[in-house]
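Every chain is named by a letter (A, B, C and D) in the order it is written, and numbering of its residues begins at 1.
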Amino acid sequence: MIIVMKPNAPETAVKSVQEAVESKGLETHLSQGKQVTIIGIVGDKNKICNENLQLMPYVDKLVPITESYKLTNKKFHPEPTRVKVGNHVIGPDTLTVMAGPCAVETEDQLMLIAKEVKKAGAQFVRGGAYKPRTSPYSFQGLEEEGLKYMAEAKKEYGLNTICEVINEAAIEASAKYVDMLQIGARNMQNFHLLKEAGKSGMPVLLKRGLAATIDEWLNAAEYIISEGNPNVVLCERGIRTYETATRNTLDLSAVCVVKEKSHLPIIVDPSHATGVYSYVSPLAKASVACGADGLMIEVHNDPEHALSDGPQSLRFSTFNTLMQEMADYIRLAGRTL
Amino acid sequence: MIIVMKPNAPETAVKSVQEAVESKGLETHLSQGKQVTIIGIVGDKNKICNENLQLMPYVDKLVPITESYKLTNKKFHPEPTRVKVGNHVIGPDTLTVMAGPCAVETEDQLMLIAKEVKKAGAQFVRGGAYKPRTSPYSFQGLEEEGLKYMAEAKKEYGLNTICEVINEAAIEASAKYVDMLQIGARNMQNFHLLKEAGKSGMPVLLKRGLAATIDEWLNAAEYIISEGNPNVVLCERGIRTYETATRNTLDLSAVCVVKEKSHLPIIVDPSHATGVYSYVSPLAKASVACGADGLMIEVHNDPEHALSDGPQSLRFSTFNTLMQEMADYIRLAGRTL
Amino acid sequence: MIIVMKPNAPETAVKSVQEAVESKGLETHLSQGKQVTIIGIVGDKNKICNENLQLMPYVDKLVPITESYKLTNKKFHPEPTRVKVGNHVIGPDTLTVMAGPCAVETEDQLMLIAKEVKKAGAQFVRGGAYKPRTSPYSFQGLEEEGLKYMAEAKKEYGLNTICEVINEAAIEASAKYVDMLQIGARNMQNFHLLKEAGKSGMPVLLKRGLAATIDEWLNAAEYIISEGNPNVVLCERGIRTYETATRNTLDLSAVCVVKEKSHLPIIVDPSHATGVYSYVSPLAKASVACGADGLMIEVHNDPEHALSDGPQSLRFSTFNTLMQEMADYIRLAGRTL
Amino acid sequence: MIIVMKPNAPETAVKSVQEAVESKGLETHLSQGKQVTIIGIVGDKNKICNENLQLMPYVDKLVPITESYKLTNKKFHPEPTRVKVGNHVIGPDTLTVMAGPCAVETEDQLMLIAKEVKKAGAQFVRGGAYKPRTSPYSFQGLEEEGLKYMAEAKKEYGLNTICEVINEAAIEASAKYVDMLQIGARNMQNFHLLKEAGKSGMPVLLKRGLAATIDEWLNAAEYIISEGNPNVVLCERGIRTYETATRNTLDLSAVCVVKEKSHLPIIVDPSHATGVYSYVSPLAKASVACGADGLMIEVHNDPEHALSDGPQSLRFSTFNTLMQEMADYIRLAGRTL
């Protein structure tokens, strides 16, 4: 961290800041410019509550130099992480496809969809049993009943399973029935939930918050890993911007940034990002082309009657075509399904 | 709701859409323009999953006409709500001031701050016992211990108390010790938490999410009220924008919009919105001037050594001056402390 | 357009609004719901200043139904536009690559870069002669001198040329030397400039404004076309969001949206969008994968000493590798260079 | 400026960077931490194109320390600037009110409005003669004819006058008829226009761009001042965010930030910021309460028939009431009309 002093800072003010830092067992380095003096801090910055230093007389601003996340930081773990889930490994060699309905609606619906996405090549079936909905008057999910259907789909079709969790009870229940937990965008900074997901030891898919910076996202992953659970996969699903032509703005640059800053795998969810089924296929291909480790795609047997997110769901035929067309892109990316 | 058909939609396509809507027991009204045909839907739109209609052939787009929130909607409850908390009523006649530290740090600290904010005129002491922090390596709060100090401050100084809750356990504990629950910005769409807060029956301060629209915020309030708990107060605390000169962008227009759309009281938190103590006083006055029902302000006995948010905390003397200067603004607003 | 009345609107208020609309020669259609009455307006809405209707008593809000742009609207021109520039056609069959330095610096520099981008397969050399810079103390461009070098590069290497224009004088000068005008992001709503570019009759590349919605962008294109110049190509170059890990946020969904709403070609500029050279290649491939008609890429012979945008410029070797790797993606997109 | 090296940077890489900087006549200061080495640069950073340094081997990132604007920077000009326009001084002692129609429509209209805003206490009449409109099919302004009416209003009522300019021709024409030029939000980074406005020597009101950071805004002001024209006043008019309940999001914190960073006066335009007339009065009071030097407010004799921005225009009676109610706020701010 660096402390920038105001242009007119007297020597005594500089000295006071240095003493404040050094009294905590850290070192300081002084750099006297023509306009400003800057003070570099060397050592473990967790020893001081840094931000308070900006309250000291003649301090202009503080400039952080190192990232606050450690366990998710590529600088300290250069090797890409591989996350094993069920019979599949998510990571740099594979292209992971998680497909299924937004919400588990009935046993028949889930089994039918599972069968079709398996046939098309997906390795995971997804399906929400606990639905966070903007309005309290919308369908809220089947809860544990839905999880049981997921377990059945796994057994029947050999698919790995993933389900969103929204509280401790949902984590406990999911641990019994599915292979991977999903933390949704709205809960990305529900730190209590992150810790519980960490404690569960289960693989976790962490979606990016609607307004989360990549730094905050990696810090959220840090919460999970710091509980001793390194099995974290990130999922870009669009951020909120001023543009309303799509539900959110898919930030594919985030794939490149995450690959540079972190060792964690990252997949992309073009369904939630756009909210429009006809944009899903081109953006799925784009995701593979720019280096994503996988995709989460909503597929439904009957989008017109889906209880949630019908407009963004692919029909079986469209999903199947996408999987066939993607084969070339996956090969170009040096990956296999 | 209105369904806009594509320019080239044949009559049969229009009829199909009408039938789909009418089969659910709703009425349709046709309006044939030169370029487009639009279909108005009359009736309880919860009977159909509206959004799926946009998947029908030749449908161009759906346009919602009525708000999805009812209980928080001023159209159906024109009278401004008054929320009684302890010995105080939050609403159109009063100007509520909640002041205190970001985090409860020690018993002595809280008692000292409570004494001073009381003396300056605040009706509430605030203080976090459960802290949601971006990094897992930051101070996370005293939890129940902190709540006990709050109860003590209430007893000693006759202040009403408010504390942020982050999960069910925190709600249960808070119910024993404090007067009002706070749902923080990061949990605004933690729907499970909203329902639990609703069930508690306690007054709830609902902060606006970092990237929440006013509509989503009112829908979040609807979650609480729909559990039978009408005691909800909103709190504008800045939204995330591209501007980084302040931590967030305080959206004071939101005060005007909420006053027009809802009957719920709304207060403003300029401390979290800006992150800079020197901006707090001018924006506090601005909040009163534009019609806010109250303020939440961070005050600390020793900002340089605060464990959280030191840079945005007011010292006792600054807070005291602000309260004195605000007296005129409160009077101009036709309110009393 | 639709007018939504307030729930308590008396019949006389509804009638007044209808009369106001009909007095301008438009028709109205009434749709009486349980909660609200809505009035549909049929006819040429340019006859009335619509927005003022919301000032009439008991009007709740106005809801636009049709887009304000006509000439750029796919609904009225379903066939994709092909824009001929020099010896090349930009459109659905080709993948256009415009490459070159951010700023033309010297004759030697431009000729060297032109030679290399030609060899690698680009059909255009780009290079700024008039530079809009955030700070007045940055390099502002060679102006007409730079344009002459562009003409020379065209002559020597058979490349088509494109240059940004910032005022009428620049348009006049550019018309003498280059094949295509570029309107930069900061000038997307410089309506005077748009009209002048329209009058010039030259092909125009219209970059999306930093904070422009797709609708505003298409309306800006409408300004050019409405002067009788249909030769417009759009360029997505990142929008401003809260995320700062990249200079802007590349909005690849915009490619899908534009393809659906408009008949105009759209290319992508990953260099300006990200500001980081290492993100350019993966996002270039992603652009092709999601349907873009072309790319604009910054290439420099010596990025370390570039006078502008060095950090986002590709070296010759990187650009060459990208062009080779893209060949497969171009083929998969059913296009040719 | 500071250069942060990567954790594994060898000594030779550090030395190379130092040499690159020192070869330009600047000094470097080394600060060796446990994790990273940072290099401080001392001297006139305009000597090097700083950003390119990040391309050198093992450089992690560059961190700017000093602002790029000088002439608008309070650090070097601590005294607040007073801008004399006609018979009025804009600055810390006065509260400037500029009121009038969005667009000058007819001579009668302007004279009528001028008379009323004068009577209510405004010192300026505003009115657009050159209108930048999103759609080419909207009213585009009376141009020079409109300016003549402004001059007449000035003569008749002793009001100072301000008009938006959109190109050189408009600046030339305006110089003949009005007292102050306005650069609109869409042209804030039309650097050519900024320079021309600077050369004109006339007082300039510079509106903040829709997506401009405060830093970019102050850099835009720097363009004007660096042409030898120090008479610049800033105008906050709302920024683009994801919230659509208001046309833009009024950023009142910007008033506080500008007061801290710059010596230039800043006024607020709540009309354009919100787009809704009923929000204008509360936010006008809030602007005065948080320290703004003035207000720009749209007033129209007949908003229902205004050719532009009717819904956000105040009627005479509302404007008059606002001016009376504001008197107390102006007094509390220690200012006079």
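Simple rule for what comes next: a contact is a pair of C-beta atoms (placed from the backbone, for glycine too) under 8 Å apart; a residue touches a chain by one contact, two chains touch by 3 or more.
What you see is a predicted model; the values in this text were computed from it and never measured.
Trainee: Would you mind naming the chains that touch subunit A and likewise touch subunit B?
Mentor: A chain counts here if it touches both subunit A and subunit B, which gives C, D.
Trainee: If you take the mean of the Cα atoms for each chain, which one ends up farthest from subunit A?
Mentor: Of all chains, D has its centre farthest from that of subunit A.
Trainee: Tell me which of A-D and A-C has more C-beta pairs in contact.
Mentor: Pair with the higher count of C-beta contacts: A-C.
Trainee: Quick one: which of A-D, B-D or A-B reuses the B-C interface, over half of the residue-numbered contact pairs in common?
Mentor: Repeat of the B-C interface: A-D.
Trainee: Please tell me the distance, in whole Å, between the geometric centres of subunit A and subunit C computed from their C-alpha atoms.
Mentor: Each chain reduced to its C-alpha mean, subunit A and subunit C end up 31 Å apart.
Trainee: Measuring from the mean C-alpha position of subunit C to the mean C-alpha position of subunit D, what distance in angstrom results?
Mentor: It comes to 26 Å between the two C-alpha centres.
Trainee: Per the centroid of Cα atoms for each chain, what is the distance between subunit A and subunit D, given in Å?
Mentor: About 38 Å, centre to centre.
Trainee: Give me the residues of subunit B that touch two or more other chains.
Mentor: Residue numbers touching two or more other chains: 211, 240-242, 244.
Trainee: Across the complex, what residues on subunit B touch subunit A?
Mentor: The touching residues are 46, 49, 51-52, 54-56, 68-69, 132-137, 139, 166-168, 186-187, 189-192, 195, 209-211, 216, 219, 222-223, 226, 240, 277, 303-311.
Trainee: Hey, which residues of subunit C end up touching subunit B in the complex?
Mentor: My answer: residues 2, 4, 6-7, 29-36, 38, 40-43, 63, 65-66, 75-76, 240-242, 244.
Trainee: In the complex formed with subunit C, which residues of subunit A make contact?
Mentor: Residues 211, 213-215, 239, 241-246, 249-257, 260-261, 273-274, 276, 278-279, 282-283, 285-291, 325, 328-329, 332.
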